[in-house]
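Chain naming follows the written order as A, B and C, and within any one chain the residues start at number 1.
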């Protein structure tokens, strides 16, 4: 049984149907990529899994339990969290407070401090800026903060939405390196990416999303980048 | 979505018929009915003006009672102390209201949203205290408006009727004019409106001046009915309670809303006189429930569901 | 005049506690609670009822009032406010206005319009009594309580997990939920805290001044003034706001007569609102 099982998911915004009967699996310990252009529905899928959007029909199972329709905070308690598109750092709080929020569900202060120390080792720049308001961080640093905050929860599955958006290539490289470190520590990841090459390079399994549907999937190492491109843009044999 | 705009000949005929009926009622209506109707027209005026500011221009004010007090005191002081004709005194109430409104506008219009709402309330409270300590208006004792004692119910009725009808016509014409379009644009999206060249400040001030003027007139006519004015009543928040109740229940941002609201308000408070002390409790509870269940009021919800409008502020397409 | 200055500063402490609840609710939920003054007076009446009619010792009475107000706050939040928060700023404001009207008239119906007070020993004792200055015990006590409340609340907000979650909720509800915070419940906690401070403020107000059902409105304006001058959402700002208003009021009364002292305070408030609508120490709070 997969860690995350999505079956025949339908999501709509009012009258607009965004997701059409989509199914996907995320195996424990893997890195799964959701590839697609702007507006393909990737963020919608992520936010629905986390309970931010309502499920119109279909099912979502996490670790065997149905989470479709559950409140976001309850899903977080189950060990599933999201680093949202645009980071969504707590702007009026310091870097350290942002990270400590990640450990909100943690029972003891000591445990919280221990986790904090580990995050600081992973992202030294965050320790440097720990007393600063999160608004003063650069885009890349804010992204690291969002990821770090998510990891503070010690989630079983973390969804990462568009973490490379607007960042310089050298920063992106750094962030992905850290993601692999995180995965090595036992966190399952699902990442959303617009860049085909990058997503195939850093994931074990990939899904290509077009207009709310999965049009292609497979082991990242076995997928042909050109075919993925076609699927991404909905051209050639993927046109309809 | 169907729409009975006022341009339809049937609509105009009905409107004229209603007007005729209202004009001849004094011939066969009881004194009590006349006084109730007069109250309805006065409250309707207040409601229309509050709606103009809050429902159309997006300037939610909790301080319009300031102008009711000014209007009432102008009537009292000018007609009693200086022997000015009653109607002229009421007119001066309107003028002084505009003047006062303009005087505080530079400060008031720097505030937005909730600051504006409460700021205007503070201004009204300040007036209340000022008048309570002012020898010229006899402090908190107030003034008995002796000049209105000999007015007949019919005279008062026609005054109120005239006020109400003119108020509705003014708002209707305003909303159909260029200014009205500008107002609705500002209400819906101030930034976009500004980007399209709408003079935000001038439009708001224009609307504010009209509201102040008619609110002052309404205050004068109201005190024509009441006959005695004290600061704690003239500048009381109760007027705003009435205005907000009318507009909430009737429907903000619609023309018919304040009319229905006024009818409901007057009838409800008259009925609740039988249960002293309960009227405001019930009013408050009803207002809260209506906002939670039907936030657009009677007319607003009706309009939303069926597109039904009697007095449409929309420009006709033909 | 020194007397007025000192008394004004101490009065500021009391005013600060009155405003804190309103500041919290606005800072966290973006809601301006127009019923805040009336809710506080409700607390005052509860305390008075317990002390005068049931002869409950005053501290116990205040404790009971705090509990009652906390419950009322929770109910109000869950059944009324939470429902209206997503409808927009205007409906929310009008709902609290409706609650204010409902409450003040309900209190009027139950207790009559007579002025009342909470009998206590501090009001009649002068703590300091020199030839130029005498300080009433209750004023000093209120100031100290105000200071303590602000310090405790600030600590809770800044340093505890609970306080952090409330701040996070006010910043970004979606992100807070993703961290496992039940934001609707966080709002309830914030409202409960606000009502607790209102109950404390109510007891102090009732012990210092006479009050009647209509007092809620005057205290609402004071609460609003305190919050606005100090900056919406700033806890330490409310102390500054309170002092500014307290001093304005008493100095105004000194120079122009006690009849118009509130008028002077209102004018000061209006000037500040017009010049610096975000408060003297704006904390970058929400508009």
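Keep this in mind: a contact is a pair of C-beta atoms (placed from the backbone, for glycine too) under 8 Å apart; a residue touches a chain by one contact, two chains touch by 3 or more.
None of these values were measured; they are calculated from a predicted model.
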| Going by CA means, which chain is nearest the middle of everything shown? | C
| said: By raw count of C-beta pairs in contact, what's the busiest chain pair here? | reply: B-C
| request: State the chain with the largest centre-to-centre distance from chain B, centres being mean CA positions. | output: A
| remark: Rounded to the nearest Å, the gap separating the Cα centres of chain A and chain C is 43
| field | chain A and chain B: spacing of chain centres that average the CA atoms, whole Å | value | 54
| note | Chain centres from averaged Cα atoms put chain B and chain C apart, in whole Å, by 32
| said: Can you list every residue of chain B that touches 2 or more other chains, as numbers and ranges? | reply: none
| query | Touching chain C in the complex: which residues of chain A? | reply | 50-52, 71-73, 76-77, 81-82, 84, 88-93, 97, 100-102, 104-106, 109, 112, 149-150, 153
| field | Complex contact set, residues of chain B against chain C | value | 54, 60, 62, 106-108, 110-115, 117-119, 121-123, 125-126, 129-130, 132-133, 237, 241, 244, 248, 277-278, 280-281, 283-285, 287-288, 291-292, 295
| request: Could you please specify the touching residues of chain C with respect to chain B in the complex? | output: 32, 34, 80, 83-84, 87, 89-91, 93-95, 97-106, 108-109, 217-218, 221, 224-225, 228, 257, 259-260, 262-263, 266-267, 269-271, 273-275, 277, 287
| query | Which part of chain C faces chain A closely enough to touch in the complex? | reply | 161, 164-165, 167-168, 170-172, 174-183, 284
